[in-house]
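Alright, structures below, take your time with them.
There are two complexes below, and they share chain A, which is joined by chain B in the first and by chain C in the second.
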Partner chain A sequence: MNNPTYERKVDTTLSDSRERGTYPRVISTASNQSTPLYPISSSTKSRGTERSIISTEDHKHKEYIYSQIESIFWEAKRENFEDGMESKFSQNLISFIRKYNQDAIESITFLIVYENVNPEVAGEALRWIGRIEHQDSYAFRRWLLEISIILPSAHVRDGALLGIASMDDKHAIKYLKDAINKEKCNDLKEDMIQVLEQLES
Partner chain B sequence: MPLLLRAIRKSRWNKTNCPWLAKDDIQADLLRDFETKDNTLSVWLVQDDRSNLNDVLLALGASRDTASNLDYTIFDVGLLANINIKLEINAGNTLYAKANCWHRDLVELTTNKIVKLAEYLLKNAEIERFSEKGMIKLIQDAVNKNQIDRAKLKPSIDKRLV
Partner chain C sequence: MHDTSTTHNTDWKAQSLRLTAFLSPSAQVGEQDWWKVLTGELPDSTISQPKIGVQKQEGKFKSEKIEGQLVLSVQISRIDWQLNPLDMPESGFPTIGLFSDAIDSFSELMQSWLEIAPPIQRLALGAVLRQNTVNAQEGYENLSKYLTFPLDKDSSEFLYRINRPRKSQNIADLLINRLSTWSVDLLAGFVLSPNNPIPYSLHPAEFALSLELDINTSADFFGELTPEQLPEILQELVNLSQEIVKKGDIK
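Our next item is the complex of A and B:
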């Protein structure tokens, strides 16, 4: 497995990309590299995607992946999720991540972080992102959970928390502690403390 | 007085998801946890001393597709009389035979009764979460004691056991 370092990749056109079906163009900004936003693996670096502007071919490929995952999330709005039960959405999500690996997580990140999806569906996705067995995407999935635990939606924070609990990885402790300090919802804060105790035990 | 347990999804009950919600109102998405079939709703009887609570949680958790946390609400069975909801004894159909006798159905439900039940539970009932790790331990213990047939567990749960 690659050991990703954290560098910043910023979507400078995001405000124009919120409409369904438009993939946000990813542009890296060297001046902002001190703030970690997205994990870059050594394999990604070797493909040269850290260059100033990604190639048209790469962009088309990512646009295709983005449209795929967007459809998966869109259709899931009709489903009623239950703890521990698979759904058409969870099955599609797992297949998607296994197929597209870190590109899949990148697309899911845009959907969730920039709140382009239904919050309950986003929360459900994060539960499964912590649960699936797929070593190649492990660090990326963990990273997504760690940043999602402080996002505005309580649905999303709860999903991220459950994903972190499933992964049971001590790496998340510092992010969880930070989230506990920021959490305004008492119920969710108590659940976070319970997961922190689990990770520290 | 005995208690009743209903599996829910805790995040739907969180009012902070709906900052637009009036103080005494309830969010409509919460009703997704009251999805009826033939106008009935599945619940589980829990002794007032909660001595069978873990048995009920095990019955629910072991019968799922994957090891997971389990969110639930627990409330006094006496509430049903106030809302005129009937309770019927119908044995459960889980992998944990011992617990199946504690399954009940709320029957002849109407939309009015469900909304009243949801309102009451949101204001008064306990909303709890049993952790995924705790669930794996419960299932493992039950398998070790031959209380659950390991061969009948879903593969994704079986993989998590020793």
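Our next item is the complex of A and C:
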């Protein structure tokens, strides 16, 4: 006969709720706030910041998400992108973000910031990241664009600039000004100045 | 229903405390030894998860009044410090000590970190607090003292979350979200068999009022929090959390 294992658990409701099928929540000492990574959209439902990605389950979930986005970026290398036109890549990317919210942006951030993807595909991704309507991931998408505007690849900076222009959020002004000061490509610098004027107007 | 002019039983215990720093796009975090700098000792464990861009360090932290497991988690866009209980106690909810003591020690530690932290765009203070109560009915009665409406003692499964943002007293145009989540929790033992988990109580059920706090600076704030502002902001977050603990859900 197997010895039963004993675990102490906490139910967030009252005692009789167990009979109605609410699942108890395990208390463990190893962390337990679950929180979107760069949280906080402007909607009232997302003002919280709790979350951690430390648990094994979260780790597996994240690895799964990472493998998904890696595949999407990998397949996109075969595509030819046309300015402003939807593509299989953009459709996949938008679906991915809508499905996984901030976890999606986190994985995309990781790929782009650590230059683990083709720069042209990264640039295309950033254009769409600034364009899509998705409130839950808004602040994190904006953050990704603000960080990408100074990354080494000109393709990436160009994509980030277009994303910032689409978002049209004055929050990016400070980071755009910093980027203009650092930009060595004259054409891109001129484009940045134009977008800055747009944001300041 | 509470009277906003009064304060309540402050015998809240902290189950966990958290400081989250959302990094500025200009921040660059490479190798760091913050855990050691803050505690004077090496962490018990260091885990790197390069595939998902996470570094984690943790170890025992002890101050005059509290002890717990101090966890540092570094990710690409945020840094989390958490103080959690060391072990699951034989009885009662696991805690790291009285909230009043824990928040003092934790905020002192975090103030030290802010002096060496990378550029930060947002700051958040989180807490999970417990206050023991005899049973569900008494729990609801006690919880009502912290809320703006009475709870029916014969009801169940109450869960209430609210954000009451306030303007910062230190920085113009900065809004601080004050999220609080209120409930009464039950701690019970279960025996888990391989095929069919059968509820089996080794101890009497234990109840506690539960308060989860998430006090954070708004994402809509333009710019970064300067190194000079960070200590003031953290202190403001601490003060706001203490106010909710004492006065309940107030505007």
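By our rule, the second predicted complex is superposed on the first by the 148 of 201 C-alpha atoms of A that agree within 3 Å, B and C clash if a C-alpha of one lies under 4 Å from a C-alpha of the other, contacts with A are read in each partner's own complex, and residues count from 1 in each chain.
FYI, contacts are C-beta pairs under 8 Å (C-beta built on N, C-alpha and C of every residue); 3 or more make two chains touch, one makes a residue touch a chain.
Since the model is a prediction, treat every value here as computed from it, not as a measurement.
Of the two partner chains, chain B is the only one touched by A:S153; chain C is not. In the superposition on chain A, A:W143 contacts chain C only, with no contact to chain B. In the superposition on chain A, contact of A:T109 is made with chain C only, not with chain B. When both complexes are overlaid on chain A, the residue A:K170 reaches chain C alone and has no touch with chain B.
In the superposed model, A:H59 lies in contact with chain C only, and not with chain B.
Once the two complexes are laid over each other on the shared chain, residue contacts for A:L188 go to chain B alone; chain C is not touched. Taking chain A as the reference, the larger set of touched residues comes from C, when chain B and chain C are compared. When the two complexes are overlaid on their common chain A, residue A:D178 makes contact with chain C while staying clear of chain B.
Here chain A touches chain C in the complex through residues 2, 4-18, 22, 24, 27-33, 35, 37-42, 44, 47-50, 52-54, 59, 62-63, 66, 106-107, 109-110, 113-114, 139-140, 143, 146-147, 149-150, 170-171, 173-175, 178, going by the rule given at the top. Across the complex, chain A is touched by residues 15-16, 18, 20, 22, 25-26, 49, 51-54, 56, 69, 71, 73, 75-78, 80, 82, 84-88, 93-94, 121-122, 124, 126, 128, 136, 139, 156-159, 163, 165, 177, 179, 183-194, 198-200, 202, 205, 210, 212, 214, 216, 218-220, 222-224 of chain C. Against chain B, the residues of chain A that register as touching in their complex are 80-86, 119-120, 123, 127, 131, 153-155, 158-159, 162, 165-166, 168, 184-185, 187-188, 191, 194-195, 198. The touching residues of chain B, counted against chain A in their complex, run 7, 9-12, 14, 16-17, 29, 32, 35, 61, 64-71, 127, 129, 131-133.
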